[in-house]
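For reference, the structures are reproduced in the following blocks.
Two complexes, one shared chain (chain A), two partners (chain B, chain C).
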Partner chain A sequence: MYIIVIGGGKVGYFLARALLDEGHEILVVEKSPARTEFISNELGSVCVRGDGCEVSTLTDAGTGRAEMFIAVTGEDEDNLVACQVAKHKFNVPRTVARINNPKNEAIFKELGIDVTVSSTNIIMESIQEEVPTHSLTHLLDIRDKGLEIVELKIPADAKTVGKEIRELSLPPESRLFLIIPGQGKPRVPTASTVIQAEDQIIAITTPESEEALRTALRGS
Partner chain B sequence: MKIVIMGCGRVGARLAGLLDIEGHDVNIVDTEAYSFRRLPAEFGGNALVGDGMDEDSLRKAGIEGADAFIALTQGDNRNVMGAQIAGHIFKVPRVLCRIYDPLRRELFNSLGIEAFSPTTIFAQMLKEKLETEPEEAK
Partner chain C sequence: MEFNKILVPVTGRPVDDETMRLACQLAKKNKGKIWAVCVIAVKRSLPLDAEIKSETAKAENILDHISTVAEEADYEVETDLLQAREVGPTIVDEAVEREVNLIIMGISYKRRFGQFSLGNVLPYVLRNAPCQVILYHQYTS
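Showing the complex of A and B:
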């Protein structure tokens, strides 16, 4: 597959390297002459110097035959415009933009970018998972359906410990589908499953009912 | 008319002054407070430190209910992004945008952004000036 990567910073360089290893045809477009030289020395002649938002640069890069276009510069507006130029001028079927400001995710979707990857969100979520006191962790967002898979840990002092799941007032949009007890094997919960301290509960919910789910499961 | 201007450079500040004198409700946003020194002393509109690509800053600048939005920062891509947020997200009825790069301007014009390239306009103007005799020589 011919893939064009805009931005030859750390993300662009390692992405290009990984995609090359997978056997794809890659071209990196990078503004700075020093980075262009570095990438060419490391990866061979897969890097051109230029502005990835400029139609002329993208014409020379053969964007018309690219199957995928990935913009990973450090500036959100540059990634947006590069993807829009690729999409509307060169009809690239799949455009991916890196987002630094998490707020821009919805805006980019609205403006027609196929896939957005928020590096800030990914780092924040990974860190959240490592913070033991955090009561609800996002595991996966199913964005086009407006759903998310979350994990909750039941603290020892939760009011719900010893109660059956049918006794909890779970929000209607939420479903519990796995309980990983502090000790023992994971099990699929039923209405009569009893909540125990240190249970890890995996649930599917909507962003709106996330707070209600947390309250229902922890009883506070 | 309620107008939001993004970017308080020479053009932005001058335009804000002109619209303000005519009695429009002018709100100008710039990331640097220092840029507001360019506004005329008698400027009666609002000057706000904020990012014109940020929804919250735009809300503070009164983008909801604005009649027009004009993007005039030094960055073409920033202008394009600000203009699209104003047009697509906040549904501002009139959105104008400066894009220096003529090719990019063409593309975004075809995508429904009312964009102007000072590069093209000024080059054309200079060419026409050169092709006509100067006033004094007549």
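Showing the complex of A and C:
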């Protein structure tokens, strides 16, 4: 697959290296001459100097035949413009943009960028997974439907321990679809399933109902 | 100095002939081997293995001609046609692969923006070559 990477910083360099190792045809477009030389010395003829937001640079880069276009500069504006030019001028089927400010995620989606990657959000999700104070963990966003899959662990002191699911006031937009007990096999919950301490509950919900779901499952 | 493996990149310019004759002279002493290579630079808008008939035909003519020049100098050369994104790294890679001990390149006096310029390929080869490099400039009155 021919993949163009805009931005030859640390992210772009390591990304290009990983994609090359996977056997893809890669081209990195980088503004800085020193960085371009560094990447060329390290990875071979896979880096050109230029502005990834300019049509002429992207034409020379053969964007018309690229199957994926990834913009990972440190500037959200550049990533957005580069991806938009690739998408609308060169009809690249898949565009991926790095987002530095998580607030820009919505606008990127609105403007047709296929995939956005926010390092801030990724770190936040890791914190949620690793740090026990965050009882609700995001597993997957289904953005076009406005839904998300979350995981919640029932602490031993939760008021819901010993209650059946039918007794809980779950928000109407939320559904529980898997319970992984502390010991034993995972099971699909029913209305009569009893909540146990240390149960891991996987649920689908909306971002707005997150707090209500947490409250319903923990009882506080 | 003894050179028994010589790489001669050719581009179809008049200086190629004299460069090849020089390579033949240097190789003769040690009955060395000469490779003449012509590199087709493929634009990024095309896949690397794209068949560019016009360029291929041109490069084949260049290599046929350079073989004739070598034959006239009573020497036999091996020719190779390569397709790559960039010429400089390809020449260096070829030199490494064939373990040559000399690269001879013909140059012409080029001006860019009114200034003498060696272009991109020569400086790259001079910086990265794994062996000795001779630049040959043909005098034209």
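Throughout what follows, the second predicted complex is superposed on the first by the 220 of 220 C-alpha atoms of A that agree within 3 Å, B and C clash if a C-alpha of one lies under 4 Å from a C-alpha of the other, contacts with A are read in each partner's own complex, and residues count from 1 in each chain.
As a convention for this text, contacts are C-beta pairs under 8 Å (C-beta built on N, C-alpha and C of every residue); 3 or more make two chains touch, one makes a residue touch a chain.
Only a predicted model underlies this, so the values are computations on that prediction, with no experimental measurement involved.
Novice: Is A:Lys10 touching anything from chain B or chain C once the two structures are fitted on A? First, second, both or neither.
Specialist: So A:Lys10 meets neither chain B nor chain C here.
Novice: Going by the contact rule set out at the top, does A:Arg143 touch chain B (first), chain C (second), both, or neither?
Specialist: So A:Arg143 meets neither chain B nor chain C here.
Novice: Between chain B and chain C, which makes contact with more of the residues in chain A?
Specialist: Of chain B and chain C, the partner in contact with more residues of chain A is B.
Novice: Let me test your reading of the model: by the given contact rule, A:Arg166 touches which partner, first (chain B), second (chain C), both or neither?
Specialist: neither
Novice: Share the list of chain A residues that count as touching for chain B in one structure and for chain C in the other.
Specialist: Overlap of chain B and chain C footprints on chain A: empty.
Novice: Taking the complex as given, what residues does chain C use to touch chain A?
Specialist: Spelled out, the residues of chain C in touch with chain A are 43-48, 84-86, 89.
Novice: Give the list of chain A residues in touch with chain B in this complex.
Specialist: Its residues touching chain B are 53-56, 75-78, 80-81, 84-85, 88-89, 101, 103-104, 107, 110-111.
Novice: Which positions of chain A touch chain C when the two form their complex?
Specialist: Against chain C, chain A makes touches at 2, 25, 27, 44-45, 48, 59-62, 64-65.
Novice: Going by the contact rule set out above, which residues of chain B touch chain A in the complex?
Specialist: The contact residues of chain B facing chain A are 53-56, 75-78, 80-81, 84-85, 88-89, 101, 103-104, 107-108, 110-111.
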